[in-house]
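What follows is chain A paired twice: with chain B in the first complex and chain C in the second.
Then we have the complex of A and B:
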């Protein structure tokens, strides 16, 4: 039963991701991208990470996709259906995508998936890893301290990402600003 | 004793007996949520009809008119008649619409706001599902409305609808930031995102409106803007844009948008009541004999009345004023509020 649900969500994700890159109408692509992101949040829910699921929807559906739709509508003739699906950078894009996939696979293989006793989470780990920890419900209470506690080693990455985002914000303002007279 | 918890318990006992009678006990994990969704839908549709009537009466009073008074006593059945009219109306569709987005937009608009009702605690234990991440869930699930509005505006193939959709999406995205930031101090003080937990914290302390009046003000303002209501209703400013993003919608599809808008008002007012006004708690301890859900509804109606009073007393803002107010006033104040609350929590240990 649980597996059926997983394959259903995964099917929706793969199908809508494929449509998002192959459809000729860019607006439809953006809508399918939103569906893909929603499907990913479904996977997070399936793995009992409610917090990640909510943040996934909030950021990727509520903000990123909306920005993309804005970009599409403001930069192109929206009713023009003759958008090309590929451009000259397709091979470079393939290389980048393959590299990303390799990195995520390597990361997934290295990390130990702690799962709890909830039957829904059983698929996330191979049998030999499942008794690593009986109950690690990834709720907000455990997530917060994990991120900023110095001995965990995530504090540096956390601050690094903050600075990256801040500089991106400043950069956006500099680009968007009207030229000073 | 009459309390929300007991009502829910007896209703669910009755339901489970019913399941057993027809031999569906094995499916109660699936059936319970379906029943809950139907109960919530029934409640919401009747409540929205009442709110539309209330809105028309409130506006009539503010403008020295009588308002609807023909259908039913005090005109109470006026919106029922209107709803029947909307459902049997001819469904007029633009020929050059973008078919699929045009159809799904009203559905998303309705579902996204309706799903927010899941975590609203009407009374202790009287909630569909008191999620651990309740507050975050509401904020996340309602962000789908932007996609619905953009789809509606775009697929209608109408200049005014597209402009309305743009304005609306820009406004919702802008005001979502202060909305979320205004809730952060409360989360810092309570240390939970569960709506029931936030109310329980207030039962031991004072209501949050006393500690966080600024946050309450920011929340109500941004929630009004998020629901696209006057004085923030430039997305559908009749004099400029006909009807905004739903110009090309009629009949049931229009009703879905309309319903979604009112549900958005209900959900955000309910969050305001839960987070800032003590939810189901009575204002004074000696009034505790009145059941919690009655207190909740009284507070909910008061907050909704406040939002309605905004609509009929303030003039509409201009686009640039609207954006300035959101980005240059509300967001800095909200961030300052978070900073001050952070210091207070750190030095006085309030709540953590």
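Then we have the complex of A and C:
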């Protein structure tokens, strides 16, 4: 039952991603992109990451999609019916994407990941890790120390990415401003 | 207990990445190209989490990496849309194959 739900979510993700790329109306594209992000947050739930699923919905569905819709509204005449939505290299792009996917599929089918089971089964099979008790293990409580404790090694990257985010927001305001001062 | 093989997560991620790559290569509008990039970043996030949880079910390293990727994707989306709006104001056009001059 739970597996059926996974493949259902995967089908929704692939279908809505395909529609988000191929549809003519950009507004519909943005809405299908939001549906894809919802599906990906469902996949995150399957991977024991409740916090990331919530963050995915908040940031991608809430912020990025709204930002994209604002961009579509502000560049109005891109939605007219006459212009073609795709450029002249559809066949070439199809070949490139299909070749990339085929090579990756071939590599995956030869890899060790093909034969092993889901990590949940692997963890419950090994006795030393099963006593870590996943039921009391909560994602959010241990994520903060993981991010900022110096011995974990992510503290510098955490501070650096906050500076990057701040400078990107200031830069976006400066770039999109009407009169260049 | 669900036992989904980890390679099925990888299949899903590579299909999503291929769709995003196709969109980046084929769409004319800059905002659609940005949507393709977002799809590719999400595929990478699925891969990160699947591998991290495959390695150790209670590990948080994959979560930390995905948090970083989401942050950088948000910053990238903000800057890219600002550039698209600026280009549209300059050229009255947002198609990447027609705006190929760095200046007038």
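In this section, the second predicted complex is superposed on the first by the 117 of 181 C-alpha atoms of A that agree within 3 Å, B and C clash if a C-alpha of one lies under 4 Å from a C-alpha of the other, contacts with A are read in each partner's own complex, and residues count from 1 in each chain.
To be clear about the criterion, a residue touches a chain if its C-beta (ideal position, glycine included) is under 8 Å from a C-beta of that chain, and two chains touch if they have at least 3 such contacts.
Owing to the predicted nature of the structure, the values given are computational and were not obtained by experimental measurement.
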Of chain C and chain B, partner touching more chain A residues: C
Considering only touches as defined above, state whether A:57 meets chain B (first), chain C (second), both or neither. first
On the A-aligned overlay, A:73 touches which partner chain: chain B = first, chain C = second, or both, or neither? first
I'd like to know which partner A:34 touches here: chain B for first, chain C for second, both or neither. first
Partner chain in contact with A:100 - chain B first, chain C second, else both or neither: second
Using the superposition described at the top, list the residues of chain A that contact chain B and also contact chain C. 51, 55, 63, 70, 78, 139
Mind pulling up the chain B residues that touch chain A in the complex? 98, 100-101, 131-133, 136-137, 139-141, 143-144, 146-147, 150-151, 154, 157, 162, 166, 169-170, 173, 176, 193
What does chain A use to touch chain C in their complex? 2-3, 6, 10, 13-14, 17-18, 20-21, 26, 29-30, 33, 36-37, 40, 43-44, 46-49, 51-52, 55-56, 59-60, 63-64, 67-68, 70-72, 74-75, 77-78, 83-87, 89-90, 92-94, 96-98, 100-101, 104-105, 108-109, 111, 113-114, 116-124, 129, 132, 134, 137, 139, 142-143, 146-147, 154, 157, 161, 164-165, 168-169, 171-173, 175-176, 178
Can you list the chain A residues touching chain B in their complex? 25, 27-28, 31, 34, 50-51, 54-55, 57-58, 61-63, 65-66, 69-70, 73, 78-79, 139-140
Using the touch definition from the top, list the residues of chain C that touch chain A in their complex. 1-12, 14-23, 25-29, 31-32, 34-36, 38-39, 42, 45-46, 49-50, 53-58, 60-64, 66-68, 70-79, 81-86, 88-89, 92, 94-95, 97
